[in-house]
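The structures come next, written out as structure tokens.
Here chain A shows up in two complexes: once beside chain B, once beside chain C.
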Partner chain A sequence: MSNAVSALQGSTYDGVVRVEEIGLQGMITLRADLGEKPIATALKSVCGTKMPGQRGIESKGDISALWMSPDELMLLCPYDAANDVAAKLTTKLAKTHALVVNVSDARASFRLQGAGLREVIAKLAPVDMAPDQFGIGEVRRTRFAQAAAAFWLTDDETAQIFCFRSVAPYMFNLLSTVSRPGTEVGYF
Partner chain B sequence: MLTLQCPYCGVMAEETELHAGGEAHLTRYGPGSEDQDFESYLFKRENPKGVHFERWRHVNGCGKWFHAARCTVTLEVFGTYPAQTTEPPQDIKDTITAKRPGWSLRNLT
Partner chain C sequence: MSTRLATGGRLTDRDIQVKFTFNGKHFRGFAGDTLASALLANDQMVMGRSFKYHRPRGPVASGAEEPNALVNLGKGVHHEPNQRATTTELFDGLAATSQNHWPSLEFDIGAINSQLSRFLPAGFYYKMFIHPRPLWKHVYEPFIRQSAGLGRAPHAETRDPDTYEHFYAFTDVLVVGGGVAGLQAAKAAALSGAKVLLIEQTAHWGGRAPVDGGEIDGMTPEAWVDQTLAELAAMDNVHLRTRCMGAGVYDHGYVLGYERLTDHAPAKDTPRHRLWRIRAKQVITATGAIERPLSFAGNDIPGVMLASAIRDYVVNYGVSLGDRTVVVTNNDDAYRTALLLKSVGLDVPAIIDARPEGGGDLMQEAIAQGIRVEKGRAIGKVKGSKRVTGVTLCSQAGEGGLLDEIACDAVAMSGGWSPVVHLWSHCGGKLTWDDEQAFFRPDLDKAPISHDGAPFVTCAGAANGHIHLSHTLQDADTAGQSAAQAAGFKPKKSQAPQATAQDEAPLVPIWLMPQGAGYGLRSKAWLDYQNDVKVSDVQLAAQEGFESVEHAKRYTTLGMATDQGKLSNINGLATLSHALGEDIPQVGTTTFRPPYTPISMGAIAGEARGEVFQPIRQTPMHDWHAENGAYWEPVGHWRRPYCFQQSGESVEQAVHREVMATRDSLGLLDASTLGKIIVKGPDAGRFLDMLYTNMMSTLKPGKCRYGLMSTENGFLTDDGVVARIDEDTWLCHTTTGGADRIHAHMEEWLQTEWWDWKVWTVNVTEQYAQIAVVGPNARKLLEKLGGMDVSADALPFMGWADGELGGFPCRVYRISFSGELSYEIAVPASLGRAFWDRLREDGAEWNATPYGTEALHIMRAEKGFIMIGDETDGTVIPQDLGLDWAISKKKDDYLGKRAQERSHMTDPDRWKLVGLETLDGSVLPDGAYAIASGKNANGQRNTQGRVTSTYHSPTLNKGIAMGLVLHGPDRMGEVIEFNTTAGGTVKAKIVSPIFYDPDGEKQNV
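Entry: the complex of A and B
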């Protein structure tokens, strides 16, 4: 086996916020009717998390379940554990109409850290980032300039973003450009 | 700027997050149908001044197709609803009737 590397191998940029490519991230996509009980049961027994509600996120230990659409869930786990978790879920869901795939290498993940976070995101995505409109624990799939991406806030000063691996350098350049020192707007 | 609420993920999505898919509620005529029916299914579209039903896809989001009822004159949005239907739901029709009495489009009133 060749060594697995992430798209930008942990590039960082320090500006209004700190932009960081977070390296290898285990990702599993689960496609099924999320309203069905066997799906929630399998998720609970393999990952320990509840079924997230609409646009929600549920975490337990180092595994998180992100609601992507009424029939798609994204599971985040340590990179090395992804194959194992996917195999367990596949076994549990053998009799259900469901698809589980390890897609860890298909995407790139970024972390933004800093107080200017909301404003950095608002410059790129058509999302109302006012604190009373977009809270912690909501997953939002949208676009950052021209690239499709999803993001959520883990606390007031930390956000996580993922996009397709093929647009990782584009995303890193975007995030770095809009967080260049001196470009603060101070809106939020 | 048009803002539509995606009925699947509940997001208020603005136009650049969406992709337009043309007129909704067309009857599909496939292989074996009359040439005239097939032609009208393929090419003939309403271009109303007023109430219109459209297909939209939440392309930079949950990726789902949904329907929107809106007015092409004022850009007022009467409502959005899931695409698993062959005609607009009654509550959407009621909303339109309240705001545009006597409206009609193709065979819908």
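Entry: the complex of A and C
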């Protein structure tokens, strides 16, 4: 829909890394026992992806499945497709104890780009960002300073972060603050 | 006088001059100087005044342990008190002022306290100011507060212009301390392949070794440090960090590092301090040792300094403390100071060695150099006031009988060394007394242990009690290897560096000099310089029964200053144990607590200041509110408009306008902050029946029901409207502040108690922008938007429907908290702002008026609806509020049911909810109590009720209130009195809490 706008409508900041609010992102929460076979089957047939392992990500085309907990997945898809994907999953899982909810509007998404992104994240999130400890394909639910968030790396110099929509301004300011030029740590 | 030597100063660069000021006077130093070394080079010996007696003080040390040389650093917004001159690196334009003096550093009125010192003994304040009692609060305390404290506190309105940040670092092995032990430990650990982080509090590697000499693998210590540093720098698994102090060791290998990035170069546009929040599998503390002062009369007179510090100033900065230095010692190490001073052409009139037999090789070397060595002797007292002029010589075994007087302008003292065990002790490491070396060292059998019960801290080198270079490196190598192994790596077998230094004869513990010193001398023998605690004070505390070291500490203030007793603790303990006739280990130590030295508040706050001080949650319509006069109210972490002020309008006028506009025609409320939780599953109905006091399982799809939640103790904790979405899905609305809390409450019960129930929950609070369209014209507006049937038949009161309004996909709830015809409409949050704009524009013909939380509160109060947090305070049960209709009698159980059946909860004397109307129409004060006759056991007026919420009702044009009153519902029409904030009382009539439209005709149209 043309009127739909993301929390910060694409704000950017260029510092040690480039901080960018990436606009509307389709997101679907799936609550279910991820170990149950019908869940994996539905995921495969609707999204085309395998069931991700612990803290893992599985992608197929423009859909990704992010492991959130043993009983929660976050599915990423184009914003306009979210209702459709959620409806299909709900139908597939009609006979299984599961809850599928479109939560696209509840979140804000950010992209960090630049060689210094591991350090920028390590200033805010209590996560070991060493390259041999946090690799591509792993998702981490954590906090960025005082806000709950999850993030993953899509390549060595790109990270994606999401948080609740209401704290999007805080998250953007936070990421910009710790990315100011001259704040490099030189740890990784 | 203290001065710059013609040559020397391995840390300074004489080609670069640095200008600075002290008390407004201009001085010059060299690059690499500390403030202390530069001041000494300019013969500015006195740097501050002591806390209690205002005695003139110069530096006694050269590093982090310094108690005396504290200064105010920086001007204006950069001003910071209590900065140690010994650890402040000099930079161009540095401005420092001395502390705790009036009118000037040179002449200080407060120094008269020193003359009165016999009248200011330990515990003086406790004894003096206890009677008469009222004087404490009104006379003594204000007076003492004014004279207390060393540096000047920053002005309350000052805003620190510097920036700070945190950094989360993870490592296998953290080594704290970059002396030779730390370097070797880091190397040994790193050779195993473990990740090693090595931090050093100063700007330089190598610690004391380059000053103290000796040989490591055939090299000078300095050359060995350079070589080892190069090796470490070349290893990918090693990270080195100077100006980064290990501040504290906490549970499970958590360590705080305090990095000072720009204190030495303030012009840079980088964070000033960075707090390293380190998780280490293993921690090695290679924190070295600190030399102890000796307790003799006048040991605080400027010019008396630790022997090792005098060496530091000569070797590191090319600065001498004086031309004629008397060395006084109980060990061999201090002879190094004498030999060094001699080698740079300075005079050493005597070495006073308290040991009857004197020392070993180093003594022989001193004698060979022609230095007079006095064995078995002591200093009787130091002569001079603002500067040492000489010392009297006496027998250590006697009472101070004068043997000789020696003229000098400096005294180098050494009472032995104490390993820096602070970081070992922070997280529970125990200590053991080493009789031979007379110090506490880490008890390796009682290390700090981690989650698995295994030790996670290892000590290395001098910090582990191996203070002689020949042992230090071997111990450090072992520590590095064992830490690597404990971290899960296989250490490489390697040869520890071979270090040699001259053999030393054993020291003899000397805790008072001379040992039979009378009161006159003892009362001038300082233990704690910063807080002015003397030998006589600790002895007095022991006499008065303060036998526990923790009590004696607090009574005398020993070790309680900003230096936390780094120099005074062991001497104080020894003095106390002697006074008690006990051994030192029996008396024990006080507790070592982080931080090792004070760290800045800014570093603790990190980036959290200004706009990122705290997350402020914003609804999709937040910007519109901000642009349209929102007078904000914090609700949880949200900001909600309390009202929207138009130009020239007061807050009260705005609220009044908003209420009237809504009651008369049409109001709009941003209700997005209300919690929304989806609950789904075959057991969802059963689950909600347990959570709510009323029945939710019987709700029909398409319908809404207001529900109450109690804690398991029966108290009302949240309320809200529940909508049944389909056969096994419900949507629960919570209060704004309750969304996260109630979601967590649900998950806790599902995960810990009812784990076998088939229920899933998702918190969708932020998925929707929710707008209440309220007032007699609400339906007209929705019909104008069009898209779905919102008629009374299609969407009756307490029904909901999915559909479209004006092209927006939405869910419409026909619910009302205002008593008016009302719809709450949820749209996806991304469409929230557009929908809000559309409602305002299309509603303009009915004067659609956005209203805030205060109008919301007033309208619900006019209807007698309770508000969580107003009518409830954690002690109120639903029955108190007359909500019995919302408590199911049919259910076997719900959370809080049994609690609500307990005798106190069913007591008919519990205060109950009523409406209150003042006779004079005024507004009752919030929280006011209704008075009753008589007084209680505490002599307080008895009460019979209290106001829970109170407003001026624009609709009724009078004050209305709700309150809890004893037997309230049975006393309708009765008049009771409430106290007021102005004094006196105001009369109010007990009425029904429903002031407006009691039959609900307006909301039901």
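A few points about this structure:
One rule holds for everything that comes next: the second predicted complex is superposed on the first by the 186 of 188 C-alpha atoms of A that agree within 3 Å, B and C clash if a C-alpha of one lies under 4 Å from a C-alpha of the other, contacts with A are read in each partner's own complex, and residues count from 1 in each chain.
Here, a residue touches a chain if its C-beta (ideal position, glycine included) is under 8 Å from a C-beta of that chain, and two chains touch if they have at least 3 such contacts.
From a predicted model like this one, the values you see are computed outputs, not experimental measurements.
Once chain A of one complex is fitted onto chain A of the other, the partner contacts of A:126 extend to both chain B and chain C. In the overlay built on the shared chain, the residue A:136 is in contact with neither chain B nor chain C.
Shared-chain residue A:173: touches chain C; no touch with chain B. Looking at the shared chain after the overlay, A:102 reaches chain C, while chain B stays out of its contact range. Judged by the touch definition given at the top, the superposed model places A:55 against chain B, while chain C stays out of reach. More residues of chain A are touched by C (comparison of chain B with chain C). When the two complexes are overlaid on their common chain A, residue A:68 makes contact with chain B while staying clear of chain C. In the superposition on chain A, contact of A:87 is made with neither chain B nor chain C.
Common to the chain B-facing and chain C-facing surfaces of chain A are residues 126, 128.
The residues of chain B lying in touch with chain A in their complex are 8-14, 16-17, 59-64. By the touch rule above, chain C contacts chain A in their complex via residues 163, 165-170, 195, 239, 268-271, 274, 277, 279, 606-608, 611-612, 614-620, 638, 678, 680-682, 729, 758, 760-762, 764-768, 808, 828-831, 833-835. Of all residues in chain A, only 1, 3-7, 24, 29, 31-32, 71, 97-99, 101-107, 119, 122-130, 133, 145-147, 164-171, 173-174, 177-178, 180-183, 185, 187 touch chain C in the complex they form. Per the touch definition, chain A reaches chain B in the complex via residues 54-55, 68-70, 72, 126, 128, 140-143, 148.
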